[in-house]
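Below is one structure, written out as structure tokens; comments come after it.
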Amino acid sequence: MGDPLVLLAPVGIPLLGVAVTALLRTRPRACEALGFVSVAATLIAAIALIRRAIDGGPAALVVFGGWPQAIGIAFAARLPGPALVVVASIIALAVALYGHADIGPRRRRRGYDAMSLAMLAAVNGAFLTTDLFNLYVWFELALLAALGLITIDRREAQIGGAIRYAAFGMVGATAVLAGIGIIYGVAGTLDLETLATQLGSGPPSVAVAAAGTLLLCGFALKSGLFPFHAWLPASYASAPLPAAAAFAGLLTKMGFYALLVIVAGVFGGIGATTAVSPPLLTTIGVMAAATMILCALSALAQSDIRRILGYQVVAQVGYMAAGLAIGTRDGVAGAVFYMVHSMILQANLFLGAGAIRRATGSWDLTRAGGMTRSNPLFAFLFAVPILSLAGIPPLSGFWAKLLVIRAAFDGGSAWIAAAALVAAMLTIVSMATIWSEACWKSLSGRRVRKVPGAMLAGMAVLSAVTLAIGLMPEPLLRIARLSADALGGTGS
Amino acid sequence: MIVLGVAMLALGVGFLLVAAIGLVRLPDPFQRMHSATKAGTLGTSLIVLGVLLLDQTARLSTGLLTILFLLLTLPIGAQLLGRAAYLSGARMEGVDDDPLADVLDRAEAKPTDRPD
Amino acid sequence: MNVLYAAAVAAIMAAAIYMILSRNLVRIMLGLALLSTGANLLLFTAGDFSNRQPPIIAPGQDRLGDAADPLAQALILTAIVIGFALTVVLATVVLRAWRATGSLDARTVEATEQPDAPELLDPDNG
Amino acid sequence: MLLILFVALVGSCIVPLVARIMGKGAGLVVALFPFGLLGAFIALAPVIERGWVRSESWRWAPSLGLDVTLRLDGFSFLFCLLITAIGGLVTIYSGGYLTNRSRPDRSRFLTLILLFMTAMLGSVLADNMLVLIVFWEATSVLSFLLIGFDGRSARARRAAIMALQVTAGGGLALVAATVMIGHVLGSYSLSGAIDRAPEILASPLAAPIIIGILIAAFTKSAQFPFHFWLPNAMQAPTPASSYLHSATMVKLGIYLLARFEPLVAGIWWGRTVLITVACITMLIAATQALRAESFKAALAYSTIASLGILVLLVGLDGPAATVAMIGFLLAHALYKAALFFCAGSVLHSTGLGSLRALGGLRKSLPLTALACTGASLSMAGIPPFLGFISKEFLFEAQLESSWELIPLAIAVLVNAVMVGVAAVITLKPFFLKADHPIEIEHPESLSVAVPPLLLSLAGLVISLEPDWITRVAIRPAVAAVYRQPVKVDVAVWHGLTPMLALSAVVVAIGFVIVRYWRPIHLRLRRQGGFERFGIERMWERLLRTLLRASAALTRLVEHGDLRRYLATTIGVIAALVIATWWRIGAAPRIVIGDRPMLGDILVTLTGVAGALAAARAKNLLTAMVAVGLTGFAVAITFMTNGAPDLAITQFAVEALIVVLLTALLLIVPLSVKSTRSGSQRRTDGIIAASFGMVMFVTLLDMAAVQNATPAADWFGQMSYIAGQGHNVVNVILVDFRGFDTLGETAVIAIAALLAGSLLGVRPGKRDGDDAGQPVHYSFAAASGPLFVLLLVASIVILWRGHDQPGGGFVGGLAAALAFAILSLARGVRSAERTLRAQPSTLVGAGLVLAIVSGLPGMMGGQAFMTQLWTEPYGWVPKLSTTISFDLGVYMVVVGAVLAFLFGLQREAAR
Amino acid sequence: MIDLQLVAAILSVVLCVALGLAGWRMVRGPSFADRFVAFDMLTAVAVAFSALTAVSTGRSAFLDIALGLSLINFVATAAFAVFLERKGGGR
Amino acid sequence: MSILRKAVAVVVLAVSFVADLFFSSFAVARLVLSPRIETHPAIVMVPVAVERPWAVALFAYFTSLTPGSTCLHVADDRRTLYLHVLDTRDPAATIARFKRLYERPIAELER
């Protein structure tokens, strides 16, 4: 495949899927089939893309419309984007498999498939674009798609969650838009690469500082960093489960990716090369530490498994942000590694939560149980993400945490490492509880149902990837390093 | 030609100003409506005509269509609003004898809209 | 010019935020709409607005002379439409909230967020 | 060794499947596997015997500094022998012990045991500290899974979680220490770290590194104050207790300490901490052992005491301490595993765990009784058992070390208690009479009786025939730990030495304890302080505090009040911007640009007035109208500043918002009671004002640095030449930056789907139709022509958008307005009938068209959305993919707005 | 020769006064009907603004906006009327 | 000739409308700008002679178009218009003026 096609496909295929499923809304089975085909095709394209991205040549870049760069909008196969596109597509595939057993015709008639595909398109678009405003557009698409998924059952709790989500989302989007506007006003361009060179050279300026902070806050809000995270646990708990899994895997990471690109890439966060970057990094560091510890702590008192996982999702973003805040190439590489690992893992955890609910009839851990005995295969598939999240070696979560902690020590930010360790301890406690309550405890008087095969298939895909990353961390490590180089501006 | 155009512009803007003053000064919504919509109609039409006189590139058709649309929509809007205002029980000053009261079911004046 | 519009953006955004911080859902929605209006005006001031000519190439010419910044306008156009879509969606969600709860108060509509079983990890519980 | 480890890993997963097929005999078959591994290690004995070290390496993740380097020296070798040998016996024993379990359960248990064995082997073989951590944490997790093996028991679950919390938490300390060592040395080699201990000690990270290592070791080896998890871990099936919680896993901490002794001893407080902790641990454990009621608990506490002795020996200096440590490690592993087996057999046979209930089992469990006696004699340090020799070494080490006598006194006391405990756990169950008759559920089988017997026997054989084991295991192990060869003389009789005298004292005190065991025991049990002030209680209190803190934090942060969330968010954003300014220390520059014209000022003021009025309005309609006024003013600003496209779009949007929101406002109450208190309003006002100020300063400064916009200039130059359009804004929208527009179109399409999903009529609900609504006579009459006019206008706007203000967006909005007229004048039904299609169909088709329009340009390897133009006939207007793209946008916009319009109006009519 | 830009500038100031007055009535009410009448007036002012801008810039494009506005804002008025009929709100 | 008569009616209608528009606009302007506003509003019933629906609509339309009067309601039987008049001291004269200015030409058109 040529570059134009390879770069278009991860967004174009799901978007076309959105269009056609919107046309076929009255036929839920056709929608499902189409959705699945779209996702599978997207994954194939994504694999072609990552091969193109790591082939050693100059990064593939396609300007839509065939215009010169920085005039039109370009997609680039520049790491970590393509790697994240692959991960997003894998998650979408797993969620689609899982959804076969969980999403009924009513939800599909209300546009479940189209909204899911739109989210995939939005996420992939954000991962590939080289244009600041285009990034904003993809965020808005994701916002609306998520809103649609949250409210799809129109239940009261969903509406409440949707209002909070929408209000936060729009405030965040406005901060981002204002930041973009100021940047455009100062630099006169929206091309990320041009911006990186242009902002790096100037003297410290109030406007640029404000723009950087506004973008930071907007994207921190999207990634759910403390103290901007309040929207997140509630909305995860109100969306239909497969959608919540996709949120966990994709939405916050999209926000973090933008944070990474803006702070590390545009504002010279690696090595603090601009006047604005040191305060930005400090801010992120404080947010990261608070997020890791407070959200891991918050997870302890929850008994709704989705809420536990929701807090854990946020806490994990804290680790990524910690990697970014260190401000070194190793730190950013750690953040990228963490991000890939965490996307897969958290989607999987949510799928597992849904399976527990399907089998035991409750989201509440105090009323769940017996999964080991009734569904041993599930127990195995669920153990992988649980242990990985707890940072048990040799699963991916251990390497991820190790990279961040190591980068923190090497980068002279021992306090970040300390916070990461404390949060890791809390996470272990939390995960052990989930396992003990949901899997070991017996359900008195109630039968535990079998988890449908489609659900297990979805989990299997993700567990396999987690295991693969854990046992063979080297390829992902290489990608993470290349990503840090690319973001730092010395990539090929 | 130019002088005529400018005069029409000025007259039109003047009418609009008068209409706005009326909107502020007249005592009830029905009377304000007379001022706003009708004086507005004439004012805007004059301004558009003025532009047609002044600007050679302006297409006559566009200008005339604009006037036509204004003439078409403003009075219908006024009728719609008038009847709705009547039905909603809007305040009506100085009308002692209201024959319409037998025909339309006028709402009691509710203080749903407090002044802020 | 810039002082005027900077002040306008600031005032509009401040007013919008004041509305958003209300607890009435419709006011929040209107506040968000107002906020996006403010953001659009901000984008406009970010562009080059020293020239009042519209960026439309005059008939018979093939290049634009001096004119307002077309790129900023294109961005704002996108932002306007997106803001409109979001406002309307939010209005719809507010409607659903009203239908579901009979209240426009965010406190009523928001699901309660209290942790419900803190005894779960309690060592005494078992 | 890599091969052995690999075989162990794969075998652990496969071999236990035998238990799914076979019944009772499965244990024996499976045990062949660990014994095979034992054989493999024994085959390596000649290497070790010569004092050589065997290393193997495999690159796992080199860029992480992660090489699987295995290093077999004497110390590791001793561990490997213990792990595989006891592992084999445990496997045999498990086969007989788990007879009342299902086959899958047995298979699962054996898998966990063998995996644990593999993890232990990996831990002691690893030379790379990251690899050590991998296996170290694996043992913690497997321990967790084994303790909670009977997960239906709440106590087992709780014990498992506690063990994991403590040991995996300790693992994190090891992670921290490792990372710091890597930071200092640039390598994760374990042997390298020990060799280069002076470098570490010289670095500022020395203390944290040592603390990390100590925490890791103390948690794993159940030292004070982390000892409490071990007695609880006895919830595990007994074979697991025997293997993990006495013989092997808990010794990993000792292993780590022994390895890092040069480092720990290098810091001034290192040995003090080791010895102090060991002494406290021993005292607590000895007391608790006397208090213990159940067989397993007594063993557990004596294990903790033994681990304390081992830590003490690591802490003491001098070669004798090392010899004593190795000797005691070996002796303890043998007798304690045997005793656990015996305890398990008793539990298995009688179902009773309490020592007080047991008695007289000598007859029904004769082999077990024999094994227990042997092991107890070793534990009590009675010659000629191995325990005696190791105790001699212990006293020798203490006498030779440079330490005061307090540790010695404590050691004597603790050893005496060991004697007592050994006597009690043998005499009470087996030889004394039971208070009540005991029913035997499962008679003794060979597979449960032989393993403890073998272990007891080994304790005797080794002390009588110590040559081989001393040569291949003890002496190399001592050399490896002490890091130079040490003369080791293992013999029962050394003549009359001070050590012998101390042994005699120990035995004497031990007999006193046995004699008065019952009163001591009861007295201690009555002391409530052990429970109340026990570390376990504190740990639980800590956890509960954490939980309470968590709940409180959640209540604090997740209060569910949207206003506070948003106020926090916006306030923090403003504060962070100011903080950034403060950090960079740049002052805002103020440039007064062009003087604004009076008209601009007035329009702007109107807009601001609208915004302020909206903020103050107490009526929702007033607020909406005021927001609309701001929109109007902004639109006029756009218009007078050369942005006709923006103006017309903003006007259309304002009109549509009126149409759509009045439908909403028809439904909801308009009058707003204040939802905020006066002080809340003030707070909100301050937050809003500070954000506004931040924006004001920012925008002023932005104007000062505003650059020319080269891109914008380029658009003006190329719009017509390359994009064939006069309206530069539209060419940017559909061509230069058409991809943005595509994304935005998708946004609108999703919004339309949302309308369908949120506003779709539910079956059974009355379909709101407004046929009977009073409609104004003139309006109804005029609506038809107006509809047609607006529709035509919308198509014109769409068509000429490329050259004049207009385009797909505005066109679509205008078309939607046309339908709005119809629905307002004649009702929704009528408008829907006029549309003929579902709005969502229009949306889908439009989006398809917009996407597909970008595809033809890709032919020949061009980018997506590369425009194609054609003028097929001179008189037909030019056609292009950009125009069809714009048509797609138009359709999507119409469909989306109508989806909301129809839906909201239906709702309003309900 | 008359400076058309100056004329337009002066007239737009006058127009701004009208805009301000209409805006005042729109915000002040007191009844909904008052606000809607004021909105209607705003339409006229906006049309006048586009016409004046056409004069000051010499670009007929702005006259097109006047055309569009005359149609577009009628819909808002109609929506207001429907609202008023159903919801009431006079005083 | 019917066509001719109708054309004449259209012209009459247009001229009288434009004239009325001007005059009444000035009247309203004078009223609004007078120092003390003194209006004499009334709701007047105008009997309708024309019959066709479009003719009635047109009549209502013209009465609303000129400043100073707005048609609030068309009776269901289309026989009466209810007008709100801004300033009238003599409702009968006002009615007669509307009928003369607008209804007569419309009736011509209707025929």
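When the chains are written out, they are named A, B, C, D, E and F in that same order, and each has its own residue count from 1.
Just so it is clear, contacts are C-beta pairs under 8 Å (C-beta built on N, C-alpha and C of every residue); 3 or more make two chains touch, one makes a residue touch a chain.
Which protein is which chain? UniProt says B = Monovalent cation/H(+) antiporter subunit G; E = Cation transporter; F = Na+/H+ antiporter subunit E.
On a predicted model such as this, the values are computed, not experimentally measured, just so you know.
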Legend entry - Neighbouring chains shared between chain C and chain D, ordered by label: A, E
Inset, instruction - Provide the labels of all chains in contact with chain C and in contact with chain F (Na+/H+ antiporter subunit E). - result: D
Legend entry - Interchain contact steps from chain E (Cation transporter) to chain F (Na+/H+ antiporter subunit E) (minimum; 1 if touching): 2
Inset, instruction - Determine, using the mean of C-alpha atoms as each chain's centre, which chain is farthest from chain D. - result: F
Legend entry - Which of A-D and A-C has more C-beta contact pairs: A-D
Inset, instruction - Quick one: report the Å distance separating chain A from chain B, using the average Cα coordinate of each chain. - result: 55
Legend entry - Chain centre separation in whole Å, for chain E (Cation transporter) relative to chain D (CA means): 61
Inset, instruction - Could you give the separation in Å between the centres of chain B and chain F (Na+/H+ antiporter subunit E), each centre being the mean of its C-alpha atoms? - result: 16
Legend entry - Distance from chain E (Cation transporter) to chain C - Cα centre to Cα centre, in angstrom: 24
Legend entry - Shared interface positions of chain B, touching two or more other chains: 19, 21, 30, 33, 37, 41, 69, 73-74, 76, 78-80, 83, 112-114, 116
Legend entry - Numbers and ranges of chain D residues touching at least 2 other chains: 154, 157, 543, 547-548, 550-551, 554, 558, 562, 566, 570, 613, 617, 621-622, 640, 642, 644, 656, 665, 670, 695, 699, 702-703, 706, 708-709, 711-712, 715, 737, 740, 744, 747, 751, 754, 758, 776, 778-779, 782, 786, 789, 804-805
Legend entry - Where chain A touches two or more other chains at once, by residue number: 133, 137, 140, 144, 147, 151, 154, 163-164, 167, 171, 178, 182, 184-185, 233-234, 300-302, 429, 433
Legend entry - Those chain pairs that satisfy the touch definition: A-C, A-D, B-D, B-E, B-F, C-D, C-E, D-E, D-F
Legend entry - chain E (Cation transporter) - residues contacting chain B, complex: 2, 4, 7, 11, 14-15, 17-19, 21-22, 24-25, 28-34, 36-38, 40-41, 43-45, 47-48, 51-52, 54-55, 58-60, 63-64, 66-67, 70-71, 73-74, 77-78, 80-85, 87-91
Inset, instruction - Name, in rising order, each residue of chain F (Na+/H+ antiporter subunit E) that touches chain B in their complex. - result: 21-22, 24-25, 28-29, 31-33, 37, 39-45, 60-61, 64-73, 75, 82, 84, 86
Legend entry - chain B - residues contacting chain D, complex: 69, 72-73, 76, 79-80, 83, 112-114, 116
Legend entry - For the chain E (Cation transporter) and chain D complex, residues of the former touching the latter: 9, 12-13, 15-17, 19-20, 23-24, 26-27, 29, 32, 35, 39, 42, 46, 49-50, 53, 56-57, 59, 61-62, 64-65, 67-69, 71-76, 78-83, 85-87, 89
Legend entry - chain E (Cation transporter) partner contacts - residues on chain B that touch it in the complex: 2-3, 6, 9-10, 12-14, 16-17, 19-21, 23-24, 29-30, 32-33, 36-37, 40-41, 43-44, 47-48, 50-51, 54-55, 57-59, 62-63, 65-66, 69-70, 73-74, 76-78, 80-81, 83-85, 87-91, 107, 109-116
